[in-house]
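The same subunit A turns up in both complexes below, where it pairs with subunit B and then with subunit C.
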Partner chain A sequence: MKKVYLDYSATTPVDERVFKKMMPFFSQKYGNASSLHSFGQESKLVLEGAREKVADLISASSEEIIFTSSATESNNLALKGLLKKGDHLIISSIEHHCVEETANYLKREGVLVTKLEVDKKGFVKDLQKNIQKNTVLISIIHASNEIGVIQDIEKIGKIAKKNNILFHTDAAQSFGKVPIDVKYIDLLTASSHKIYGPKGAACLYVKKGIKLTPLLHGGGQEQGLRPSTYNISAIVGFGKAAEIAGKEMEKDYNHQVFLRDKIIEEALKIKGCYLNGDNQKRLPNNINLRFSGIEGEALVIKLDLEGIAVSTGSACASAKLEPSSVLLALGLKPHQAHGSLRISLGKYTTEKEIDYFLKILLKSVKELKQISPYK
Partner chain B sequence: MSYNEKIINHFKNPKNYGKMKNPSAVGKLDNKNCGDVMWIYLKIKEDIIEDISFETLGCAVAIANSSLLTTMVKGKTIKEALKIKDKDLIKEFGQVPKVKLHCSFLAVKALKKAINNYYEKGSSSYVGRSR
Partner chain C sequence: MKKVYLDYSATTPVDERVFKKMMPFFSQKYGNASSLHSFGQESKLVLEGAREKVADLISASSEEIIFTSSATESNNLALKGLLKKGDHLIISSIEHHCVEETANYLKREGVLVTKLEVDKKGFVKDLQKNIQKNTVLISIIHASNEIGVIQDIEKIGKIAKKNNILFHTDAAQSFGKVPIDVKYIDLLTASSHKIYGPKGAACLYVKKGIKLTPLLHGGGQEQGLRPSTYNISAIVGFGKAAEIAGKEMEKDYNHQVFLRDKIIEEALKIKGCYLNGDNQKRLPNNINLRFSGIEGEALVIKLDLEGIAVSTGSACASAKLEPSSVLLALGLKPHQAHGSLRISLGKYTTEKEIDYFLKILLKSVKELKQISPYK
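Here is the complex of A and B:
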């Protein structure tokens, strides 16, 4: 059966060039980058090379990049590393679970948390209004993993700066896909496996001068912020992926925007189909649709039976039987979130795949509507 | 979520779906758990369910359950149909993920509602109370 992967926001395949670059670091160049001997020094060199490549992509300097194992870890480090009892934290109502749940944890530990609402299109509202005397950190997702909406981080950063508050952004979905400059950002999360690098490598950008408390204590790696023996192959892969993403960003961006807009245009012709999130300021690879009268989990399974991989924010697909909180934050009713479908493209997605997808989508929606009491 | 072949078969090729013309009774159910909707249509003659169809807005398992239920009910007497429990549907499928157990309950409840509707219309004195 034909297989079409349209879930690149969940994770991406490793780019062949990245894989090739990583290969020697398993059995040949396996030195511990903290060792003094030649084996270690060889690893240290490539480690710093990777750091530079990641830093370059966001116009940061190398010393400001702290390698971690995942975006989840980076987000945890940023929030837990900065906040203590009595501090005030501002996040949005459309954060990834790993920021939301960390904020919930900190709340139980005595940190005060405000969740900013978003408007119908998905942009955060009322930031200035919610700043308090004890606000220490604003953490707002750069591009939503679900609805793809890209926040104006320059504007948010300027507000933070004016009020002398730190600004962290979770850029796991946008890093490497759209240009980012950390000028107005104090901390930023980026990840390797979302940009055709391997799983197991990510980073936290920490602007010079900002003091963090580490999550782990140990051998002092990463300026003491993230001790653990370096996962050198994954970090090398991350560096290579960042380098490629930088060089090929414009090409990949245009390619995906073309396919994205084709899907949106064709899908919106279906009766009862709507786009979730703003149609302009969104990731080049994200499409979030909703269909009235059908349920998203059934649609995902139907597409999967035809070899197509996508995802949904429907209650029926969640372990808790709750609709996606991100879709509800947009003001959608649970029954509207019920028919949602997230399609995320990648640089390897072809127009042929999209044509196939659209054909099967049309057929599947039609079939499910025939079964539904609401046509 | 991975479903077994029996569930997938009913989901892929559902039996007895669609609106019924001139039904004897209709049962409409909204699921409070996840927001799914299930409608069951019945054609009853002398206590025998001659025809049954469904319309479901729901997950793959909810659709599969609706389909399976209609095949189990068709041709049965009302009394026999009322004996069908959610665990009978689950048993027929073999394996149903835990979060999806309520979808079978939903189907059985919709059938009961339809049968109730039949009696409420005054066709007989028997009242099969839904749970």
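Here is the complex of A and C:
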């Protein structure tokens, strides 16, 4: 059976050039980067090279990059590392679960949390008027992992700066896909496995001078902020993936926007199909559709039987049965949220795959409508 | 130049059979194990297979294995996940930095901490008499990463059980090298990169029924205890490494004990050379020597110039200039602790390498003694 992967927002395959770069660091150049001997120092050198490449992509200095194991960990480190009882935190109502759940945890610990509403297209509202005297941090996702909408982080950063508040953004989905400059950003989360790098590596950008409390205690790695033996192969891969993403961003962007817009155009011809989120300021690879009278989950399973991998939203939340909180935040009703489908493209996606997907989508929607109790 | 790696306790190369098993999970079978579609479900299946293999090696059930990114993280999760203000924690004075520093952190948060003394050979003393009414957890390292001494964890576990206290052991150095049964253990830390698996994967064994507070918040992965996208290639590698370690334990043990004892025998012929730690109950691959009148660090550098990689102690602490707290706990004076060298063997170590090492060691000690102010 033909296999068509359209869930690149969940994870991406490792670029062959990245894998080639990683290969020697498993069985040949395996030294512990904290060791004094030449095996260790060789790893340390390569580690610092990767750090520079990641930093370059967001115009940061390499000493501002803290390597972690995942974007979830980076987001946890940013929020828990900065906030204490009595502080005020502002997030949006369309954050990834790992920011939302961390905020919920902090709330239980005595941190005050405001969740900004978003408009129908997914843009955050009323930031300035929700700032309080004790607001320490604003954490707003750069590009939504579900609906792909891209927030104006320069504008948010300027508001934060003006009010002397720190600004963190979860850029797991946008890093390497659209240009980012950390000029107005204090902390930023980026991930390797969303940009054709390996799983197991991510980072938190922390602007010089900002002090964080670590989540883990141990050796002194990463300026004491992230002890553990360095996952050197994964970090090397992350560096290479960042380098490639920087060099090929424009080409990959245009390729995916072309396919994305083709899907949107064709899908919207289906009766009862709507686009969730803004149609302009969205990730080049994200399409989020809803179909009236159809369960998104049923559609995922039906498409899977035809070899097509898509999702209803975040992979991290796919075991939950509740409607997506992101879609509800847009003002959708629970049954509308349940009828949604996320299609996320990659640099390897071909027009042929998209044509096949559109054919199967049309057929599947038709079949599901025939058995729908809502028709 | 000949390269001889004798720092297997810091990290090991990935076994070629492990790497072969991991290979498809970078660029071919890359699905997110939390995704509903077949790409994701394929990853999920493989993940559970790896979990079983890790569990098997310590006679645990697979649902008792929580995958993490590192032993540091596992140790942090065990201690921080169990203890709250007012609780009493017992550790030893020869823990790895990540347990010691976590205990220091918890102390600042209001947890009461007792560090058990050890005898001259490195065995913990006076456990029973340090137990208090509010003792919640005993955390004692199974095999020391520095001096290799193996504690009697069955005895410790029985004392813990009798007193209705939980027992955690950091088995990062012993897992896969000596037989372990979790019958009397409640929580256990194990790591992949110490047993010829990749860096980036580790686990915490948590006996059924024990409730932990997670360190990270996010998706519901690992029973809500460790959210993040699964590092599937690393976990697959960890599983394979555990399988091989189980099958080949006896052979590898005997091979390393033979070489270990040869080094000890020959080294002790050098004037002013002593063995740190017990000479019987120690890891098959650990030798920790001290040389009177010589700095361990100088010896590490001298050996490195001849292509030999050894260390003075924990790689995680190698940037620190203080004498090893583990060696001080044995009753050594600071200058004695500074004169120590850790040689750690692996399954790939050959007798030829050991002969070369012994030759260079002798020569280096002689040269350093000539310039020593202590002679």
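The working rule: the second predicted complex is superposed on the first by the 364 of 375 C-alpha atoms of A that agree within 3 Å, B and C clash if a C-alpha of one lies under 4 Å from a C-alpha of the other, contacts with A are read in each partner's own complex, and residues count from 1 in each chain.
Going forward, a residue touches a chain if its C-beta (ideal position, glycine included) is under 8 Å from a C-beta of that chain, and two chains touch if they have at least 3 such contacts.
Quick caveat, the model's predicted, so the values are computed rather than measured.
When the two structures are aligned on the shared chain, A:S372 is found in touch with subunit B, with no touch to subunit C. Once chain A of one complex is fitted onto chain A of the other, the partner contacts of A:H97 are limited to subunit C, with no touch recorded for subunit B. Within the superposed three-chain model, A:I210 lies out of touch with both subunit B and subunit C [touch as defined at top]. Of the two partner chains, subunit C is the only one touched by A:G40; subunit B is not. Look at A:M249: by the touch rule set out above, it reaches neither subunit B nor subunit C. Among subunit B and subunit C, the chain that touches a larger number of residues in subunit A is C. Judged by the touch definition given at the top, the superposed model places A:S311 against subunit C, while subunit B stays out of reach. Contacts of A:I294 after superposition on the shared chain: subunit B is touched, whereas subunit C is not. In the three-chain superposition model, subunit A touches both subunit B and subunit C at residues 297, 301, 314-317, 319.
Every residue of subunit B that touches subunit A in the complex is listed here, in rising order: 1, 3, 8, 11-12, 14, 17-19, 28, 33-37, 39, 54-60, 62-63, 99, 102.
Residue ranges on subunit C touching subunit A, taken from their complex, read 3, 5, 7, 10-16, 19, 22, 26-28, 30-32, 34-40, 69-73, 75-76, 96-98, 101-102, 104-105, 193, 198-201, 215-221, 227-234, 297, 300-301, 303-304, 307-312, 314-320. Subunit A contributes residues 293-295, 297-298, 301-302, 305, 314-317, 319, 321, 323, 334-335, 338, 370-374 to its touches with subunit B in the complex.
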